[in-house]
Amino acid sequence: MTLSPLSRKVLAGLTFGVLALIYLPLLVVVANSVNPSQSMTWPPRGVTFEWWERAAHSSGVREALVTSLQVAAIATLLALVLGTLLALALQRYSFFGKSSVNLLVILPIALPGVVTGIALNNGFKGILGVDLSIWTIVIAHATFCIVTVFNNVQARLRRLGTSLEEASSDLGAGVFTTFRLVTLPQLRSALLAGGMLAFALSFDEIIVTTFTAGNGANTLPIWILNNMFRPNQAPVVNVVAVVLIVFSILPVWLAQRLSSDVEAAH
Amino acid sequence: MSLSTSAPAEAAAVDRTPAITLRGLRKTFGDVVAVDAVDLDIADGEFFSMLGPSGSGKTTVLRLIAGFEQASAGTVELGGVDVTRSAPFERDVHTVFQDYALFPHMSVLDNVGYGLRVRGLGKKERRERAQQALDTVRLGHLGARRPAQLSGGQRQRVALARAIVLQPRVLLLDEPLGALDLKLREQMQVELKQLQRELGITFVFVTHDQEEALTLSDRIAVFDAGRIQQLGSPREIYESPASAYVAGFVGTTNLFDSATSQRILGVAGEHAVRPERLRLSAGTEPDSEGSARPDEVRLEAVVVETIYLGTGNRVHLRTSDGVELVALEQSTGSLDTREHRGEDVTVRFARADVVPLAAGS
Amino acid sequence: MSVTSRAPDARNDQAPAPALRGPVARPGSRLLHRMVWLRLSLLLSAPLAWMLLVYVVALVALLITSLWSVDSLSSEIDRSWTLENFRTLLENEVYRNVALRTVGVAVAVTVIDVAIALPIAFYMAKVASPRARRMLVVAVLTPLWASYLVKVFSWRVVLSEGGLAEWSGLGSPGYGLTAVVITQAYIWLPYVILPIFAALERVPDSLLEAAGDLGAPTGMVLRSIVMPLLVPGIVAGAIFSFSLTMGDYITVNIVGGANQMLGNLIFINAGAANNLPLAAAIAMIPIAVMVVLLTAIRRTGALENM
Amino acid sequence: MKNTLRRGRVATACLTLLSVSVLSACGSGDDDKKTEAVEKVGKAEGQVSILAWPGYVEDGSNDPAVDWVSAFEKDTGCEVTSKVYGTSDEALNLAKSGEYDVIAASGDLSLRLIASDEAQAINTDLVPNYENVYDFLKDTEWNSADGKNYGVPHGYGANLLMFNKKNFAEAPTSWGAVFDKEQLAANKGKVTAYDSPIYIADAALYLMKTQPDLGIENPYALDEDQLDAAVALLKEQRQYVGEYWSDYLKEVQAFETGDSVVGTTWQVIKNSIENPDVDVTLPTEGATAWNDTWMLSSQAKNPNCAYKWMDYILSPEANAQATEYFGEAPNSPEACAQTTDPKHCETFHAGDEEYAKQLWFWRTPIEKCLDGRTDVQCTNYAQWTEAWTEIKG
């Protein structure tokens, strides 16, 4: 389709304008991480690195960060396995109740977090009699992360068709060999994309986490929530956010590169 | 038509176990009957084609033989062994897919060596045999490439190499030339035929292209609505179509329904005449030459359209009582024998060339 | 139709290498192939058991809890059936107002996000060079990693009196529903851009060009060719932004002024007021809204392609 | 953030409530749950698990400079694990899990813990530092029952009136600044209030002083008519409210920028505001307030370390650190001597009994009227919550 140079320019202008808007509040965060005022009012009153120093020495942040990474990693892993299994079942077979299963997978992300949160909280404590812990967070996160993996894998499977798997089977490969040598490599970039999104969702989730976190299970968002509104801690939270943004660019960029390389090879 | 279909070694063949035996094979998808009670024996080493329009069930039969589909009823035997319930990876047949189905994440050499890999062959032997198979299809120099870097014809040959490297007894080819342009297609036809002769493997070839089927096959099964309409050598199929359907699908033909036959030929029942059997002469001939010879049919007609084909002309005609005819004239070279639109012509053909068709199809 | 076998004219009787003959797959593989239901149940059992045990049980329990009440003296849950909570929801107009306000905000956020995401996703997928595309995706994804709370709070700073919005001369709507809509639209925008971008990426360029060739003007190409292919992506993004907004109670606390949304009511009843049955009953409102919405969308078939 | 029972004037209501709980304690026969105080502190178990408000148990992990837990661990050999909670109700649920030895409870929670047998009586003799605590914090109805002590007091603070001088010709001295229509009109959209059902008590307190015919004796004991009056007052106030606050930082920021100019606050918030125009006062009507109690779980697995903790956190050094960090009045004159800011206790009016007399410490409203009325049922916290939802609309 041919776009007039003008519409191209308008689109480009719009895109970069919105991107600028997206980054504006982040700039505020950066500014406040060096703003001497504890209440983070605008405009900043000067420059101080006190908060950065405090953040560097805060073992609470470090522990929360490690907890968050652990939770996100395990939840993502679970979501990858469960989401892929579901996508294979729903994309490759037809069976009674298929559309209900499809709806069920979407539900945890489609229902508001506060609903999922109290439902799981009530379920863990009231029904299953489980004490809340880091594992209840993992279970809750995995539950709503399944759908991101599921969506990506299902879309890929649909595009892939079955002929590669048939070819492999035709050439003598059994069910598992075919999955390992043919299906899985074809799913790689879809798994990467789905896993990334799942990881990001879990890493920054606060609402469901609030309801499912147990004693001592402080994820980073919970640490932020606990500290954001406390004396002397709020500016440190800004520092943490800035560090997160900076460090997230690398994995995001790498993943993007990796998945587009895989796409290109197709 | 280039193939002799006479069968010289009949005596030897009779007690050979067929490579493929299908009995009462049936496949339904929900309410749709894709394959309906197919019985078929395909001999060892035969080049066998399944011809039919899309949706006629030919590809489903192929997939049933390969094991990608499970038969709803009936049996599939390979070399006398019942494999109806076996998985594709248990069957000693290999398939060349219509879209080639090359693994995009592997090099050409790894693609060809895949079947050897899953059979647990060592890397060295694997590479040697794969290289050999690539050499056979004249792609030995492209082993390091990815499938995406190959042309359509090259991919087609890789798919062939990937299948033959396993030395199957039977090779199934699902419209393998469908995606190629005409020139490449003709070239590949020759290569396929040669390959089959050299390897001595049974080829089961699915196509909707009647010319391709006629050119390549030892025998052809013409499919329609999930059933085999006619089975025979290319010559039998072409010269003696068993039904109006076969006559219409394989080549062009002039079909006479029962009433027309009665009027023109004096016999009831459906009949067919191939266009190249029709002879045309200009003008309505005077009665003085007498009526047609007893072994000949003579009709008067008007030229509706003439189409130049290079090797000759295709002439569309209509008789005075409204019967539409098509005639094929060989080009004689020097003279322009082309009939013109609106011209009156006399059409003759031998009664021997008229094929009676089985009723009801 | 039975057929007599015919011998082919050419035969080559050389025996193939024995190594290549015979079945090579393991018995488990064979069994799995034969039993379609077994394969399916192996695939389905783990995820389905997970979803049922963890999630469906929890939702059903929530529904049951909404039919209980809390004994005011002991603060213990009284497990006798009552529709009292739902009567409260129906009779007290506050709940209706808050529910409508919440849905209104969610709709506004969703509409704004889709409207912004469409041209941007289109530019990213179809206009930008592959290199620029990658950079743009990174640029859209990166803010997801800055903590949600921090981003919301920085909007509070932007929108405050004398804040960045006023400072830059744009003016600020102050704290209130408008601020909530702006902030939520901001927070969820990447979640809407991504699926639409992914859907657009799957639309082959050739399809657009073909439509252009046939003389269709750009606008018509967009409407007749691109939009239908985009619907699943838009639906996915819209569900994201709609449901995430519906369930949020933190943003409205921070920039919503004196307003409250359904999430706040659920949160305060489940936590501070220790009235889980009422919280569960209120939670049925967003559940009902989403189920109706999803069912309607499922009719269009967009859900299967989500 | 804190829903606490008020320091009540009438003890009988409380005793009635407690007699019920004692009966149920006798009937339960649960061997794991102790209700009688021990005679002496035994050997340290090596660990103690604490449930507390954020900022009460700091081990330096948030800020290396803020650490009074490490010293305790070093002195006693008791490893501390802690969990913070957001509301008293959350704390009640957590306490019931039996995983915690010591609980820092606000007034409403302390009584509920006792009523549900989750707390055991303590022997204040085993907490030597208890002696120093201000007498007016001892033996109150939110930390003792039936003549037994169920905990030791931590710190306390009042809910004050904060205002921006620029918006007032003359500094306000009455809660009328946030409840009187005429005074509100001048600051429409810039009024703030504490975002919790317990804030209804603030309105009730104002009504108690300004509309005596309503007969309010205790802002936590409201019959339906009195609650309706308070709700009506708050609904009117709602028209002028810019935002409600429950987060510390939110109010600090709103007063810094001028988004809010008048409303209820804590002393610590005022202290964080750099804007010199913002001031704070204890209005003539008095104010609501909170006081927290360290309690011992009836399921405590480490009672000895728990006793050691209670004594430690009552020590002048630790109490000074914790209350100064949180921003509230310490519990003893000795602690006041230890604060890093020498004026801390002056600022927070620690030990000022006259000041404390004007405070109505948070309590949870229950059906049984806390002011001793028996002819009428009072409204409970669930009704307050519902009312609060309606007020905000």
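A few comments on the model shown:
So that you can tell them apart, the chains are marked A, B, C and D in the order they are listed, and the count of residues begins at 1 in each.
By our rule, contacts are C-beta pairs under 8 Å (C-beta built on N, C-alpha and C of every residue); 3 or more make two chains touch, one makes a residue touch a chain.
Just so you know, these numbers come straight off a predicted model, no measurement behind them.
The chains in contact with chain A and with chain C alike are B, D.
Taking the mean Cα position of each chain as its centre, B sits at the greatest distance from chain A. Among all pairs of chains, A-C has the largest number of C-beta pairs in contact.
Centre-to-centre, using mean CA coordinates, chain A is 38 Å away from chain D. One inter-chain figure worth recording: chain B and chain C are separated by 51 Å, centre to centre, where each centre is the mean of the chain's CA atoms. Each chain gets a centre from the mean of its Cα atoms; for chain B and chain D, those two points are 91 Å apart. Under the contact definition stated at the top, the residues of chain B that touch 2 or more other chains are 87-89, 115, 118-119, 166. Residue positions 24-25, 29-30, 33, 157, 160, 162-163 of chain C each touch two or more of the other chains. For chain A, residues that reach two or more other chains under the stated contact definition are 40-42, 172-174, 177, 228.
Going by the touch rule set out above, the chain pairs that meet are A-B, A-C, A-D, B-C, C-D. Chain D makes touch with chain C in their complex at residues 3, 86-90, 92, 112, 116, 189, 195-197, 238, 241-244, 246-247, 250, 253-254, 257-259, 366-367, 380-383, 385-386, 388-390, 392-393.
The touching residues of chain B, counted against chain C in their complex, run 4, 7-10, 12-14, 16, 18, 38-47, 85-90, 92, 115-116, 118-121, 166-169, 197-200, 218-219, 227-228, 231. Considering their complex, residues 1-4, 7-8, 11-12, 14-15, 18-19, 21-26, 28-29, 32, 40-43, 81-83, 85-86, 88-89, 93, 95, 99, 101-116, 118-124, 126-127, 139-140, 142-143, 146, 151, 155, 159, 172-177, 197, 200, 203-204, 206-207, 211, 220-221, 224-225, 228, 237-238, 240-242, 244-245, 247-249, 252-253, 256-257, 260 of chain A touch chain C. Chain C meets chain B in the complex at residues 1-14, 16-17, 19-25, 29-30, 33-34. By the touch criterion stated above, chain D contacts chain A in their complex at residues 49, 54-55, 60-64, 81, 83-84, 93-94, 97, 99, 247-250, 252-253, 256-257, 268, 272-274, 325-327.
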